[in-house]
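In what comes next, chain A is part of two complexes: it sits with chain B in the first one and with chain C in the second one.
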Partner chain A sequence: MITKVMEKKKLQKFLSNLCNQKLFAPLKDEEGKINFGLVKDPAEVVLEFANVLKPVKSLLFPQTETIFEADEQGIHHPEVSENGVIFGLRPCDAKSVRLLRKVFEKDYKDNYFLQREGSYLKIGLACTVPGENCFCTSFGQGPFFNEGLDLLLADIGEKYYVEVLSEKGKKLVEENSELFLEPTEADMELRQIAQANAEGKIGREVNVKRASEKLGQAYDNALWDETSKICIGCGICAYLCPTCHCFDMTDEKVASRTRRIRTWDTCMFSYFTLQASGHNPRPTKKERLRNRVYHKFKYLLENFDEIGCVGCGRCLENCPSGVNLIEILSRVAES
Partner chain B sequence: MASVEEKLREKTGQLLNEGKVKCVIGYERVGPLKARPFFARSPADARKIHYSLLCSPNLAVYLTLEEISAGEKIGLVVKGCDSRAVVQLLQEGIVDREKVVLLGVPCQGIIDLEKLEDELDKREVLLSSVKEISIEDEVAKVETKDGTIQLDRKDVVHDVCINCQHPTPVLHDVLLGEEVKPWGEENYGDVKEIENMDLRERWDYWEEKFEKCIRCYACREACPLCYCEECLADKTVPTWVRKSVRVSENGFFHLMRTLHLAGRCVGCGACERSCPMGIPLLKLFRKMEKDVKELFGREAGMDVGQKPLLATFSLEDPEEFIK
Partner chain C sequence: MTEYIYSPKPAKIKKIRQEAPDTKSFELEFEGKEKLTYLPGQYLMLSVLGEGEFPVTFFTSPTEDRLEVCVKRMGKVTTALHRLEPGETVWVRGPYGNGFPVEEWSGKRLVLVGGGIGLPPLRSLLYYALDRQKYKEISLVYGARSIADLIREEELVKLRSRGVKVDLSIDKEEDGWNEFVGFVPDNLLRVSPSPENSIAVTCGPPIMIKYVIQNLQKLGFEAGQIFMTLEMKMKCGLGKCGRCNIGGIYVCKDGPVFSYQRLKSLPPEF
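Here is the complex of A and B:
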């Protein structure tokens, strides 16, 4: 692996060079929320944050996506490639991209996702200050995990330690060669220390392997009823989840055009499984919450050999009723 | 003197022991700055009941969720605003008074963690170092790992709580604690700020807010008065709100919800506190509340005997909109 360092004062220059293309990076809005947004001024890019609120999937698999539009002239397909750069992905979100890719390329190749995802260059930012609900280390990854990225930058004090992870990344570094230096031994040491520090700050842990092994026998366990009682049935956990990927397809008529769109949907909504007959196979919150956990920790594991959760903690952090996935998994593991 | 929390635990234990209720819905503490709803079913559970300035969700929402409405008698912990939601539900004939035992708790305001964090930032103290927070008179005492910090109560509780006119439950079977008086008169400053904008500015303001909505419906689900069996937003035949998540549809959803809650919203702010995107929904609902007060002299959730506002008609009703 090629490694470099970049002095921190060079970052603004690097970001403004990236602005030659479409650059998406963490920006703060009026409400103080940090989300990926199109960068107009590199000085606005937020560098100190635990994670963005809306996961990176919102760029790759947008909440509303036009599949095609039709009018009297015929059918029009939208351009899906963005050819942009995403700066500031956390390692958990970067991992989620690979998990989403597995879903969108098995059986049916979903070119809307695949093409768009492939058209982005992804620059990660290692977590030096993880959030209080982060538990990525429970999945064998961590705050400095570099999978799924083209470059990974890690804050080592005066500089960023840069890992060059793909051909695209290499090309970008070459194009901006004046901004990068060779790392010294001291830099490498600082990086190791930063990683150990960050990993040490992750305070939550759960035995996910044991939990997923136990899930098969936990279907009728009382825990589903107990833990879902406080759930109010909104879609926050799924919509802010970097790996939840269910969608609905509808046709909408706008003026003289019809468009077929897909929009995010979630098994947490009662309508998700409501059938035309009026029958609902998941009639209460208990079945719906259980399904979401089973999907991530059992069904995806069976279909793709990998658990569909990256431990970002967004569902715990943002649930208005305090439903806690770690607690649920711990109860399953102990069942 | 026993704390509100101790009294709540005792009362909960008593109700469950005597078999008067099937369960008591209250709060449990799950972190130094986090409490969540809790269903106490046994006397042992009663000891886990928590009450503090962290108890944010409006528990009246559980009265309309299917499991409860079909069930037996339950106990419900209510703050001022929660009790008004119950009154409104009773007024609308949704809840059977005989089925609910209301455990009233006077409320000093709910902690706004973002405001608290801002205050602590100024003093270079981390939110994560907070161990305990309590309010006495106008002072919020924040205990951290490195000592106690005193803050102004107004600087740490939600703005909606500062404006609250009914911090003591308006309906209860038992009141556990001393009456809390409102801070001052309601002035609707936040609403007037929007009213003073011209139409274009107002539109731009809300367009920017509605743009952020992700249609998770947390606002609707957290609202005790949003109990329609089928929400207009979910209807597909006919489709009132399109599935596409864009400003027109998001805005329509929020405005429709606001109008449907006219004269019904008790202004607890559960919607705004649940919104992950930070949309200032209370500005919409408080505008509606202000209009209802000015036009009809009514406040939602105050009188069980009253007929719901939108189900009544009086010849004196203002009708300036008819030209």
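Here is the complex of A and C:
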């Protein structure tokens, strides 16, 4: 692996070079939330944050997108390729893309996602200060995990330590060669210390492998009824989950045109499985919460050899009623 | 060229038939009279543009020279479809799903058990079996709430002359009805088909399916001899949108046809 360092004062220049194409990076929105946004001024890019609120899927698989438009002439497809750069992905979000890609690629290629995903260059930012609900280390990855990225930058004090992880990343470094230096032994040491520090700050842990295995016998466990009682079915856990990929497709009529749109959807909503006859195979919150956990920790594992969770902690952080995935998984693991 | 997996192609409605008070069949024709290759038990995603899309199984057999679907008016899109006239265009994609394992069943007796709007996939299979002549005996046990609700009664009765054993029923006594009165599972017990070298296929409302399975087992059918086609809310038809899962399988692409043996190993979420 090629490694470099970049002095921190050079970052603004790097970001402004990246602005030659579409650059998405963490920005503070009007509500004060940190989310990926289109960068107009590199000085606005937020560098001190635990994680963006909406995961990177919001750029690759937008909350709402047009599947096609139709008029008398027939069906018209939108252009989906973006050819841009995403800066500031956390390692957990970068990892989530691998699962999403598997889902959208298997058997039938969903080119809306695949083209968009393939067109972005992804620059990660290692977590030197993880959030209090992070538990990525439970998945054998961690705050410095570099998979799914073209470059990974890690804050080592005066500099960023840079891992060059793909051909695309290498090309970008070459194009901006004046901004990068060769790392010294001291830099490498600082990087190791930063990683150990960050991993040490992850305060939550769950035995994911054991929980996954135990799900086979936990279907009728009372815990589903107990833990789903406080759920209000708002679906925020799924909307903010970097790996939740379920969607709805609906039609809109706009004057003489029809538009078929795709929107995020979730198995936490009763309408998700409600049939026109009134029959609902998952009629209560108990079945719905259980399905979500099983989907992530059993069904995806069976079908894609991949767990549908990266330990980002967004569902813990943002659930308005305190449904706690770690607690649920721990109960499963101990069952 | 980029492939767009959710994009349908146009089909003209050639003919519409009222099949029951709330049920119509639609004969569809593609541009250039293109013929669709499909198996009984597979389905199409059918769009009324501007209203939405829904899954619908084939009413006809691929051995017939026309393509029909039969739709009960249930929700938004099926209501919109019922308002269309011959000559208007619908949009379809597919065929999707596994269909019936017709090759595996060659040489066997087929016992088809249906209720109400459960007839279409069974009719498709029945004509396929008749035309392919690879099956031993075909028997159909079919019923509906009333005479008016029976789909294609006249056509089904005529199948007797082609060697099909047809047993019809309605739930309650009506004038002019000379066949069985009662529920489909009861008629099945009365008809009492032999499980020997047989495959039973059932489609209908969930409650009917439940008792049909019980009664088939009473008659000696094993779980591996009983097949059904399931209904689920579907959007993509391709195993991506996530809503039709039963455990780790998707009804849209791993089904909609399942043996009872396979279903028993899945969570009871259907």
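Definition applied: the second predicted complex is superposed on the first by the 335 of 335 C-alpha atoms of A that agree within 3 Å, B and C clash if a C-alpha of one lies under 4 Å from a C-alpha of the other, contacts with A are read in each partner's own complex, and residues count from 1 in each chain.
The working rule: a contact is a pair of C-beta atoms (placed from the backbone, for glycine too) under 8 Å apart; a residue touches a chain by one contact, two chains touch by 3 or more.
Quantities reported herein were computed from a predicted structural model and do not represent experimental measurements.
Using the contact criterion defined above for the overlaid structures, shared-chain residue A:291 touches chain C, although it does not reach chain B. The partner of chain A that touches more of its residues, comparing chain B with chain C, is C. Using the contact criterion defined above for the overlaid structures, shared-chain residue A:68 touches chain C, although it does not reach chain B. When both complexes are overlaid on chain A, the residue A:188 reaches neither chain B nor chain C.
In the superposition on chain A, A:239 contacts chain B only, with no contact to chain C. Once chain A of one complex is fitted onto chain A of the other, the partner contacts of A:276 are limited to chain C, with no touch recorded for chain B.
In the superposed pair of complexes, A:179 makes contact with neither chain B nor chain C. In the superposed pair of complexes, A:19 makes contact with neither chain B nor chain C.
Once the two complexes are overlaid on the shared chain, A:53 sits against chain B while remaining clear of chain C. When the two structures are aligned on the shared chain, A:248 is found in touch with chain B and with chain C. Chain A uses residues 248, 250, 252 to touch chain B in one structure and chain C in the other. Residues 2-8, 10, 47, 49-54, 74-75, 78, 91, 206, 231-233, 235-236, 238-248, 253, 267, 269-270 of chain C are the ones that touch chain A when the two sit in their complex. Residues 67-68, 70, 74-75, 77, 103-104, 106-111, 115, 219, 245-253, 258, 260, 262, 265, 267, 272-277, 279, 281-282, 287, 291, 294-295, 298-299, 302-303 of chain A are the ones that touch chain C when the two sit in their complex.
The part of chain A that touches chain B in the complex is made up of residues 29-33, 53-54, 63-64, 132, 226, 229-230, 232-236, 239-240, 248, 250, 252, 261, 263-264, 269, 271, 284-285, 318, 320-322, 324. The touching residues of chain B, counted against chain A in their complex, run 30, 34-39, 57, 61, 65-67, 114, 128, 208, 212, 214-218, 220-222, 234, 242-246, 270, 273-274, 276-280.
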